[in-house]
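Chain lettering (A, B, C and D) follows the sequence in which the chains are written, and residue indices restart at 1 in each chain.
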Amino acid sequence: MLPIREGFIVAGILFTLGVVGVLVRRNLLFVLMSIEIMLNAAGLAFVIAGTRWGQPDGQVMFLFILAMAAAEVSVGLGLVLELYHQFKTLDTDAISRMKG
Amino acid sequence: MLGLLWLVPAIPFAGALWLAVVGPRLRERAVAVIGTGSIAAATIVSLLIGAQFLSSPPASGAYTQTLWTWVGVGTFQPGIAFYLDALSLVMVVVVTFVSFLIHLYSTEFMHGDEGYSRFFAYMNLFVASMVTLLLADNLLLLYLGWEGVGLCSYLLIGFWYKDTVNGIAGQKAFIVTRAGDTAMAVGLYLLFHNLGTLRIQDLMQAAHDHWAVGSPLAVAAGLLLLGGAVGKSAQLPLQTWLPDAMAGPTPTSALIHAATMVTAGVYLIARTHVVYELAPAAQFAVAMVGILTLLMAGCSALTQWDIKRVLAYSTISQIGYMFLALGVGAWGAAIFHFMTHAFFKALLFLASGIVIEALHHEHNIFRMGGLRKELPVAFWTFLAGGCALAGLPLITAGFYSKDLILWSTANSPIGGALLWVGGLIGVLFTSLYTFRLIFLVFFGDVKTPVSHRPGMTMGGPVMVLAALAIIGGFVKGSFETLMTTALPPFHEAGLGVSELVSSTVAGVAFALGLVVAWYIWVLHPALADQAVEFSGGRLLHRFWFSDWGMDWLYDRLLVRPLVWAATINKNDVIDSIYDGIAAVTTTFYRAASLTETGKLRWHAAWIAGGTVVTLAIVMLL
Amino acid sequence: MTGLDFIALLPLLILAAATVIVMLAIAIHRCHALSAALTFVGLGASFGSLWISACRVPCKVTPLLLIDRYSLFYMGLITVASLVVVLLSYGYFEKLDGDHDELYILMLVATLGSAVLVSSNHFISFFLGLELLSVPLYGMIAYTRRRPLPLEAGVKYLVLAAVSATFMLFGMALVYGALGTMRFDQMATQLVLPGFDPWLVIPGLTLIITGFGFKLALAPFHIWTPDIYQGAPAPVAAYVATISKGAMFALLLRYFYQIEAQGQAPVMTVFAVIAIVSMCAGNILALLQDNVKRILAYSSIAHLGYLVVAFQASGQLAIIAVGFYLVAYFITMLGAFGIVAVLSGSAGDADSLSDYRGLFWRRPVVASVFTLMLFSLAGIPVTAGFIGKFYIVAAGASVAMWSQIIVLVVTSAIGLFYYLRIVVAIFSDSAGSADAGPAIALPGSVALGFLTAALVFLGVYPQPLLGLIRSLPPG
Amino acid sequence: MRARPWMFTDFCREGKMIAAFYTASAVAIIATILMLTRVNAVHALLHLIVSLLAVAVILFDFGAPFAAALEVIIYAGAIMVLFVFVVMLLNLGEAAARAERALLKPSAWIGPSILTLILLAEFLWLLGHGVAPAVQVVSQGPVEVGMALFGPYMLGVELASMLLLAGLVAAYHLGTAKSPRSEATHASHS
């Protein structure tokens, strides 16, 4: 017997911590890392949900989330490189031109 | 063949669109071919449809062509659908045919004008709108056509917009008819709201089934529709825009402000005749409007010096006859008079256009004269039209149609002796001002030399119309039979005046007018001036000349109080409400745009915050 | 997977094959025209294959996809819109330096993702479709990466799309944890059982709404929209504004209808709030904005708000309203961004209101088309936008959602102001030069001509489309 | 190899599993908090990897050995290496850390913390109400996952491949060195 509810709660806490990272950090690299935390938490929640019902589907979803994270990170890091190349900073506020 | 009905509005519309898009880049000749050709095609189609309709009439006496439903929810199902019965058939055939002749005439008349293609685009659009109005199967399409012709009228009155006067005349027409249109829109909504359908025929059936004779709803609907009709048809009290509308090019005056659009009010009332039959009060109001208008406009026509204004007042007066006919229940007679009027009034305008152009755009009839020899085509055709207008007995179309109206008035339960006598006095006035015009323009000495003679494209249409103005009346018998398939027949009851008596009296009135006119303006030209000399006469002259002071009255009653109210309300109390709304929204805008900081963290915070809020909503519920 | 399934899948397969073919073609020979042409042909073939698939539907292809007339209709809409974007992109990017071929690969993948979205029947295909749409969009938005604005927009879109996608994923996990199935059709049966777990399902659905709300740019998830539209190259902005939203909305309708969410009152309350806030926020934010792309962005927020009103109404009329409004919205948004695209030169996008001052006197045809598009956005009769709005109001009125309808009418009136502001600018006297600028490339003119014709045609003769939409149950 | 996880779960008593779960959870949360507060990117990455490894333990605990393995191999392995690679490429040194410290003023934490605390409270309240408290774990090994993956979810795998392709093309385009043609464009813009 494993505590499913607590599992979800841990996933929720990790997810929220990821949100904190996105909201606080201005460095794009850290923002991307925080997104990884959030994605990971969502994947964890899926696996726990799959376990609850005794199905492998949760893990299948985890796998696809992994694939998505890989694609996302590769594009994100491409943007990080280009950004640093142009602005010599990763501060997302400093590069902001558009508003209103 | 009837299936081609949709082409009648579609072809002119396509022509208008074509000219609007590529017109300015085309040569004048190409514009003329497109503009006139489209109307010619529409005319041919409508004639073919007419032939088919007459040779093998549809079983129910009407043909409905539903192309598609535009949008549809519940009972609100406005379709792009056309309804053809004897009434709309006659109107459509006359409108397209007269339009064709006037387009042909215009190709020469407008020659060299910088707005040549613009003119034909407007004219084509007008024909498309007018035909849509006539063929409309439902209220929405009818209203579309109604506003479409109003728009074209506005555009064409102010066609030479560089002259401010023309622009003001256009605005006047637009604003005055708007007053009527508003009443009509309310009336149409009243019908739709109470009877639950947009289709005119269903509406009429439903009105017949659900409303009792004299029911307040029917009276209200009838009066509101009458409001729209008097606006468009320039009847009392909204007639003041039509004389000013003569600022437009003469073909426009002939087509829109004489032959076709101004009779839309007549059509509207004939189309909704069921409502008027259920509301005798409203129908009597129609008759009263008609008789008063025809008398007042007849007097005004006597005093004008501008050739086109004389004709404008005569148009108002003749439409008054049509209203009178509608009012006394002689539906067919009204439409018959519409037809003959379309022929002879278009003819008079076109002929006067020849005169005006021949005399360097001279409009003053007192500076014309002796043109009988100089412009024979104009003279003879104008004479034919004038005789038809005045009602020369037995040989002109106008006599037959007007005589039918007079006889009906005498014998109608709604009419009676008083209205009949009024109509007869109207005949006298008509005869008087018509021959005044003819004698002043074509007889006497030459006062302004002729510089330009019309070509065949101007002369041809005029001659065709002259022929129609003479022979158009001979179809009276079969016309009446045809009309009974669409409109209720005339119920005879009243004085019991026989047709012979009625015709004879009308003939006498005509002759009297002719003789008096001959006496005053040919034999004793000073007499008219002397009549104006003494104070009463001058007052009357001024009174009539200014259209019974209607413009003055409106100026005092509406314009000045409004201007006064606007002046003392410079800082507009009511406007401050709108300013307030604008200020509030602007403040909202400034506040809201502060949320758009462009900061990534802030953007993400909105997503998280939005989730927090939505979660809170579902948790609390 | 049987042969039948392959036929039903044909539009998707063709899109995937076209992606590979374009990539191989680029590997062999880099040529902008060739890449664009191949993409065009691929999209066209996919569009044509819809008729082949139509004979085999409805068809459940594995648990992931449900291909029926509904999804085929939206696939058609998406592919046609993509065709238009390809035409616009060719003219737009031809004026710029650099390699433009990769754009078409990304666009094909994104279109594939949209097609998967509208036919998905499972959280996995939902998620994968969403990402297939998002990931290429990151690249497309930042495509002209040497310019600062597209780069900034790309970064913002990547972070925010990822964040909202994780919210959505977490919501999906909760729903899955509560119901034990990720298939839409099975969820409905689970939800009617008395034992289901509302403590997880309702918040789960709410988190999924966050994901929808972000993609559809509904308030309060709308803040990103103007920055992305302004930053992205005009054709890409058109893509984001239309295809990504249209696919998402089609799925929204399908998903919430299939799980019969109308019975879940809290969820519908959330939608009501979102609709009202979106209509207000979109129209007010656009009021005094001076950047045309941003105005269009705000306007799109409001339009999606209108669509949510129709979505809530439920029933036959709502489906018609949503379908027709989406088509009208596609046409007008593609047209408006298309105008921006064809007027933009190598110096940057023509998105300032001052660029449009006196446009009518310089380019009467383009200005007239733009005016027509704006009229349609404002919902003036004889344009498709009017018919769409008419049906939305009718749908709302049929279930007496008066508060939403009042807000819709009032905010539409406010909306008229900023559309007319652009129109006034177009027709005002231009003090500047009468220079018309470079000629418009043929593909762009073709695209705009097509959109204009469709706009007027649907405004006057909407019946065929209405009939088609009527025959498409989303369930 | 395949038998080992089963043996492990068989021999582990419940108490041990639950203890492992709580320990791993605590490690994951603490490591994540540490990661969030670092100013040096490499330090943060190391904490992130710890967090991911702890999550792998939780996954394992919940009967998902395959997912746990992938978490270690791909997440903590491949993806994090990508991050490290970029950090090295950018050569973010002590100066970057100092700049980062300046950005991370305590005041920057207040707003987000309050917002996310509300979010967390909502999560906890909802999750506390819902879900069966505990279930008997039936391990789903690589076989079951593989059967599902290449059975009903085969199309998903194909779509994921397209997703990776798109990521590849986008990353290639965005990260590629300037081609001679675009060099000129760049010069004109910078």
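Note that contacts are C-beta pairs under 8 Å (C-beta built on N, C-alpha and C of every residue); 3 or more make two chains touch, one makes a residue touch a chain.
Here the structure is a predicted model, which means the values were calculated and not measured.
Note on interfaces A-C and B-C: more C-beta pairs are in contact across A-C. At the centre of the protein atoms shown, by the Cα-centroid criterion, sits C. Per-chain CA centroids place chain A at a distance of 26 Å from chain C. Rounded to whole angstrom units, the spacing between the C-alpha centres of chain B and chain C is 48. For the pair chain B and chain D, the distance between mean C-alpha positions equals 78 Å. Chain geometry summary: the mean Cα position of chain C and that of chain D are 31 Å apart. Within chain D, contacts with two or more other chains are made by residues 111-112, 115-116, 119, 122, 126-127, 130-131, 153, 156, 160, 163, 166-167, 170-174, 190. Looking at chain B, residues 593, 596, 598, 600-601, 604-605, 608-609, 611, 615, 619 sit in touch with two or more other chains. Shared contact sites, meaning residues of chain A that touch two or more other chains, fall at 4, 8, 12, 15, 18-19, 22-26, 31-32, 43, 48, 50, 52, 55, 57-58, 60, 64, 68, 71-72, 75, 79, 82, 86, 92, 96-100. Taken chain by chain, the contacts link every pair, so each chain touches all the others.
Of all the residues in chain D, the ones that touch chain C in their complex are 122, 126-127, 129-131, 152-156, 158-160, 162-163, 165-167, 169-174, 179, 181-182, 184-186, 189-190. Across the complex, chain B meets chain D through its residues 601, 605, 608-609, 611-612, 615-616, 619. The residues of chain B lying in touch with chain A in their complex are 593, 596-601, 604-605, 608. Partner chain B is touched in their complex by these residues of chain A: 19, 22-26, 31, 92-93, 96-100.
Residue ranges of chain B in contact with chain C, taken from their complex: 68-71, 73, 80, 585-586, 588-589, 592-593, 595-596, 598, 600, 602-604, 606-611, 613-615, 617-619, 621.
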